[in-house]
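In the part that follows, the structures are each spelled out as structure tokens.
Two complexes come next, and they have one chain in common, chain A, joined by chain B in the first and chain C in the second.
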Partner chain A sequence: MTDAPQQTHKKKKIDWTPYILLTPAFLLVGCIIIYPILNAIYTSFFYYNMTDYKNIHFVGLQNYIDVWSDAAFLESLGNTVKWVVITVSFQFVLGLGLALLLNQPFHGRGLIRSVCFIPWVTPSVVIALIWSWIYNGNFGILNILLRWLGILSRNVAWLSDASVVLYAEIATMVWQGLPFFTIMILASIQTVPYDLYEAADVEGAGRWKKFQCITWPHILPTVVTTILLRIIWVFNNVDVLYLMSGGGPGYSSMTLSLNAYIKAQKSLNFGYGATIAVYGTIVILIFMSIYLKAANKLKGTES
Partner chain B sequence: MKQKKHVLTFYFPLTVLVAFIVLPYVWTLVTSLKTTNELYSTQVTFLPRMPSLENYRVLLQETDFLYSVGRSFLVGVTTSFLAMAVAVLAGYAISRYRFAGRSVILHGVLLLYMFPSVLFLTPLYKVFNALHLIGSNLALVIAYCTFTIPFGIWLLTSYIDEIPRELDEAAMIDGASVFQVVTKVLFPLLCPGLVATGTYIFINSWNEYLYAVMFTTSQNRTMPVMLASLVGQYDIRWDLISAGAVLALLPTVILFMLVQKQLISGLASGSVKG
Partner chain C sequence: MKKFVTVALCLSMLATSLAGCGANSSSGVSEAGAATAQTDGTEPVEITYWFNEDNEGTHAAMLLDRWNEYCGGRIKLNLEPIPASSYYDKLITAISTGTGPDVFLMWPSYLSTMVDMGALVDLSDAFSDWEYMDEVSDVMLETAHGGYEELYSFPRSAVVMYLYCRSDMFAEAGLDYPETMDEFYEACEKLTQDTDGDGITDVYGFGMRGARNGNQMWSSFVFNSRPDGDYYDDNQVPQMLAEEFIEANQKYLEIYQNGWAPPTAPTDDFAEISQNFKSGVTAMLYHHIGSSAAMKEALGDNVVAVPIPAAEDGTRYGVTEITTLGVNAASENQEAAIEFIKWLSSPEIQDVVCTELQQVPWLESVQSMDKYSQDPFFSASIESLSFSHPVPTNAEFTPFSEEIWPQTFQRALMGEIDSQQMMQILQDTLTIKETNG
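What follows is the complex of A and B.
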């Protein structure tokens, strides 16, 4: 609505329509999102174990202190940073590259485009299972291909070798998330006014110059939001890691989210699991604020 | 853009990236057509020696795969309708009205989306347990609303923003109520957006595993839980898994292909404003 009707509303009385329309959303969000968040924070101050139900009691900050002497938690902190930073960086770079390639006209482009988007809608269970089969130490196609190419001399057990497991899973996650970047960037590139490129051609600008001066500033807002969404999704991911290696061997592929999940789902230690989830939320909030500050600076210098 | 395409800067990187994306699917399909003997033989074959649909037959006839698919379908459809009904009203309010707290809500939606799903796990479990909902479809529908509603509001707001405001203002002047504006004016124009959002929500519910593991019992699990259960403690049924993976993918891929264009334009316009 324009300013004029808004002012008449103010003069008369508040228009309740938007609030009425928002009521179902408020109610549901309150019950199934806000309440659980508060309840999780509350639970984190308790010794709350479903296998020891009679013994639930308030322990104050004990869980929050205990995590710092928990090897799984400590190792998961570093793993989480690696997992999020490496995965999202590769997803972005490869996704951008693919978007630029798919933006050029060629035969069968429509089909190739659609096919490239499929990993994004593939069930995470399917992703975890087909990649586990690819990485299989005895019958996996990856070992066969690498041996055939002469890169490996003997089989590697990708998912049970502590030094490679996290990177193998990062590769899977890159595969899963790269299409989303391509989709978003491609959609944004297509809204660049074509005459800008023509003008650049007249001035004799090269490809890189055109990308740098026309394409990049145009897609930047989309890139910023997409990276933001991806950081959230990758950080929150549990199922791929859980199904591929369960955080192991040892804690070599344990992340914060996975750790919180395992504590709650497998050990039924709700209090401790909630504590790790709260720490996880704090970490992602810090991640976000750093990222948004940096992104705003970048946007500022571009414009 | 009009330059000639070079092998090194165009065809080579494109082929590598497309191969990286496509080959895992090809390998899964190939695996699903192999016999168990061929699957675990020391001599690995790139193409099945004797393609057979035996794995699919076993999966469909001797396991509860089909039953779990039905359940996933039911939960997905219910979640879509519930989440969209709520999201379309909220989206309309956010898009069309300027009211106190609007920007807080607009940003809050994205903030809610940020909370790790593991945070909701134990509180929801406690509630469902107390209400004896563990194992019911309702528990899954509610759990899926935690991530589909914020996303649905975000997406539908961007679709409604695309519809010119003058249209509903004209209807209002003609004396139409808010309800009439929504059903008679907006709804037909919003249909493609609703279909895209609904499909996206359905795909997300169909694919969900984390909550499904926690809130189902062994008698009424959903498709992803059933598939994951083929990874037994001692024995992993790669033959059945690959057949199941192919079947699980079919509906999502078909649905996605149908709404692709609409969904992408919604996501793209939402991302610029968000």
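What follows is the complex of A and C.
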């Protein structure tokens, strides 16, 4: 009986060690993440143009209103949805297929696995330049190949034709991001206990049934996280789009992130650029919440 | 807990999309950080020079050797090449945050922004008694002043736009090099050919540039439609809605729409138009002497340079790209920086710079040297200098050339908007805001 109050007293004692150890990390995050975010939001309420340095002034919500009459912003909204949804979908489907393929035992599998990851480790700037020349409308290897195969009768200006430029860049991005899905899913597949497959064999399950009932439920958490990461990374991509077409011709390959970059870093209109970035963040949060809800529902069904 | 970690992870990554758009809250110019001050008179003064990397990679080391030879270690020079594509934003950001160089290469279009920021030293007194001042070309000095009474920048080098023509293709088509706009459009049409008879065009008349900086070639073929043609009139009102401009712009757009320029023209930048010309995809190219060495190497005698064609009344509108040098007002070593500019501008070094970088000399004594007056590309440049204009230097011009012109021009090429609508957008962009200081 007399021990009980002493135990309660012991529980209340706070161990500060973890907090002290974490303080440098929190400070660092505060300086390089929290402060820039707050500063960007603050800047978005200003006319903050570096080419008009003397006239920086508070404009309230004016930037937030102005974007809705900006053709570049409106077109970039639609392009962003296409850019993210199509890119991530293809990366996932092809990455899953490739992971299943690379999980099969075959001669030279190690080498093939290494080669498949090359696009992922290549810098985006290099990728953009390589693909710009592949797509070149006058000398590009893609046109030469497609004409040689008889698929095209004349060259296509892949990066100068408004109807194809975004899809050409999506193909580049799919090529670049595919290995990430492959490596994540492959790693996840390799953690599935083999005796489950043996038990399924005994039960007479076919390949599809084994995938559906064993592999898929096991890799689902990895797939959900990987898609989430890729949505954010693809959404934020600027380098590939800027280097390949600069968002053009016109606004045909302009996305929200690229638009924010051009406004802030090229036209030096930081206030307006920050406003587009804030809208972009809202859009990606909506994307993520829809996706996470759907994923959680799917996880619930699978479990 | 898992949910919390996932959300925290996502938020931290989302931050990257926002972080790049925050402006630095510092509203003034503070002390320079790049140079260290001379303290006791025995240590050398150190100055930092920023320049555009792309054109001057090999030139820089040679410059350093000559400088060290000149000053014998009195002033230590740090050369910092900056990538061309991000030069402007890096420079502006560095200066506004107090980490800018002591002396830097700049373009006239930077001037008003930098003056507004209080970032530049007035060089008027320092250069009033410079021994070569009488030799400086008027257009260069006028550009360096940029409309200010003070001399906030000093000329460094210049290039003048002209037309490269493939002499072999002109000879084959039986055409003379275009001197008028009518001849130019005729050449565009006639030089566009299906050379192998497969029904597909192989050679295009003109290498049109639709990406950024394409406004320079565009202005040469549009602004010559009026005797006083330019971006602004004398009262600093944009002239984009002049009927002659709208009509001339329509004709220029038709070069692409008629198939006389490659289908890639809307997004073609210098790399593409240059490659197209060298490989025979196009027969005419608008550029300056900076590319003459590469053209001669690739095409030998099959390339000539001619001045920009004139309108019916003889009006020509050339463009000169002048680079200048500025001294950071926050520099602790301004005298050393000014001495560096004077050295760089002296006839001997100007000759070295112009030869190495393929630039047009602007001191009379250098211009008259045989190596410049006898060279066909230099002579075309010097001939064109008389009717050439620098690009505007006001605050509106940066978003115009970096963003609005390429986007609007590309939309017009694709037929999304017509010539009138395009010029209206350009007019709105160039209109000087009343709030500007």
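Assume the second predicted complex is superposed on the first by the 292 of 303 C-alpha atoms of A that agree within 3 Å, B and C clash if a C-alpha of one lies under 4 Å from a C-alpha of the other, contacts with A are read in each partner's own complex, and residues count from 1 in each chain.
Basically, a residue touches a chain if its C-beta (ideal position, glycine included) is under 8 Å from a C-beta of that chain, and two chains touch if they have at least 3 such contacts.
Computed from a predicted structure; not experimentally measured.
In the superposed model, A:Leu28 lies in contact with chain B only, and not with chain C.
In the superposed pair of complexes, A:Val125 makes contact with chain B only, with no contact to chain C. Contact with chain B, but none with chain C, is seen for A:Leu98 once the two complexes are overlaid on the shared chain. Shared-chain residue A:Ala40: touches chain B and chain C both. In the superposition on chain A, A:Gln62 makes contact with neither chain B nor chain C.
Of the two partner chains, chain C is the only one touched by A:Ser245; chain B is not. Of the two partner chains placed around the shared chain by superposition, chain B is the only one that A:Ser188 touches, whereas chain C remains out of contact. Contacts of A:Phe106 after superposition on the shared chain: chain B is touched, whereas chain C is not. By the touch criterion stated above, A:Ala162 is placed in contact with chain C alone, chain B being left untouched.
Within chain A, the residues touching chain B in one complex and chain C in the other are 29, 32-33, 36-37, 39-40, 43, 136, 139, 225, 229, 232, 235-236, 257, 260-261, 264-265, 270, 273-274, 277-278, 280-281, 284-285, 288. Residues of chain B touching chain A in their complex: 1, 3, 5, 10, 13-14, 17-18, 20-22, 24-25, 27-28, 31, 39-40, 44, 85-87, 89-90, 92-94, 96-100, 102, 105, 112-127, 142-143, 145-146, 149-150, 153, 165, 169, 178, 203, 206-207, 209-210, 213-214, 223-225, 227-228, 231, 238, 241-242, 245, 248-249, 252-253, 256-257, 260, 264-265, 267-268, 271-272, 274. Here chain C touches chain A in the complex through residues 6, 10, 12-23, 25, 27, 86, 89, 92, 96, 112-113, 116-117, 200, 210-212, 262-268, 272, 275-276, 279, 281, 395-396, 398-399, 402-403, 406-407, 410-411, 413-414, 416, 433, 435-437, going by the rule given at the top.
Residues 1, 6, 14-15, 17-19, 21-22, 24-25, 28-29, 32-33, 35-37, 39-40, 43, 94, 97-98, 101-102, 104-106, 112, 114-119, 121-126, 128-134, 136, 139, 141, 144, 175, 178-179, 183-184, 186-188, 191, 197, 207, 221-222, 225-226, 229, 232, 235-236, 238-239, 243, 257, 260-261, 264-265, 270, 273-274, 277-278, 280-281, 284-285, 288 of chain A touch chain B in their complex.
Those residues of chain A whose C-beta lies close enough to touch chain C in the complex are 29, 32-34, 36-37, 39-44, 46, 48-56, 72, 136-139, 153-155, 157, 159-162, 165, 225, 228-229, 232-233, 235-236, 245-251, 257, 260-271, 273-274, 276-278, 280-281, 284-285, 288, 292.
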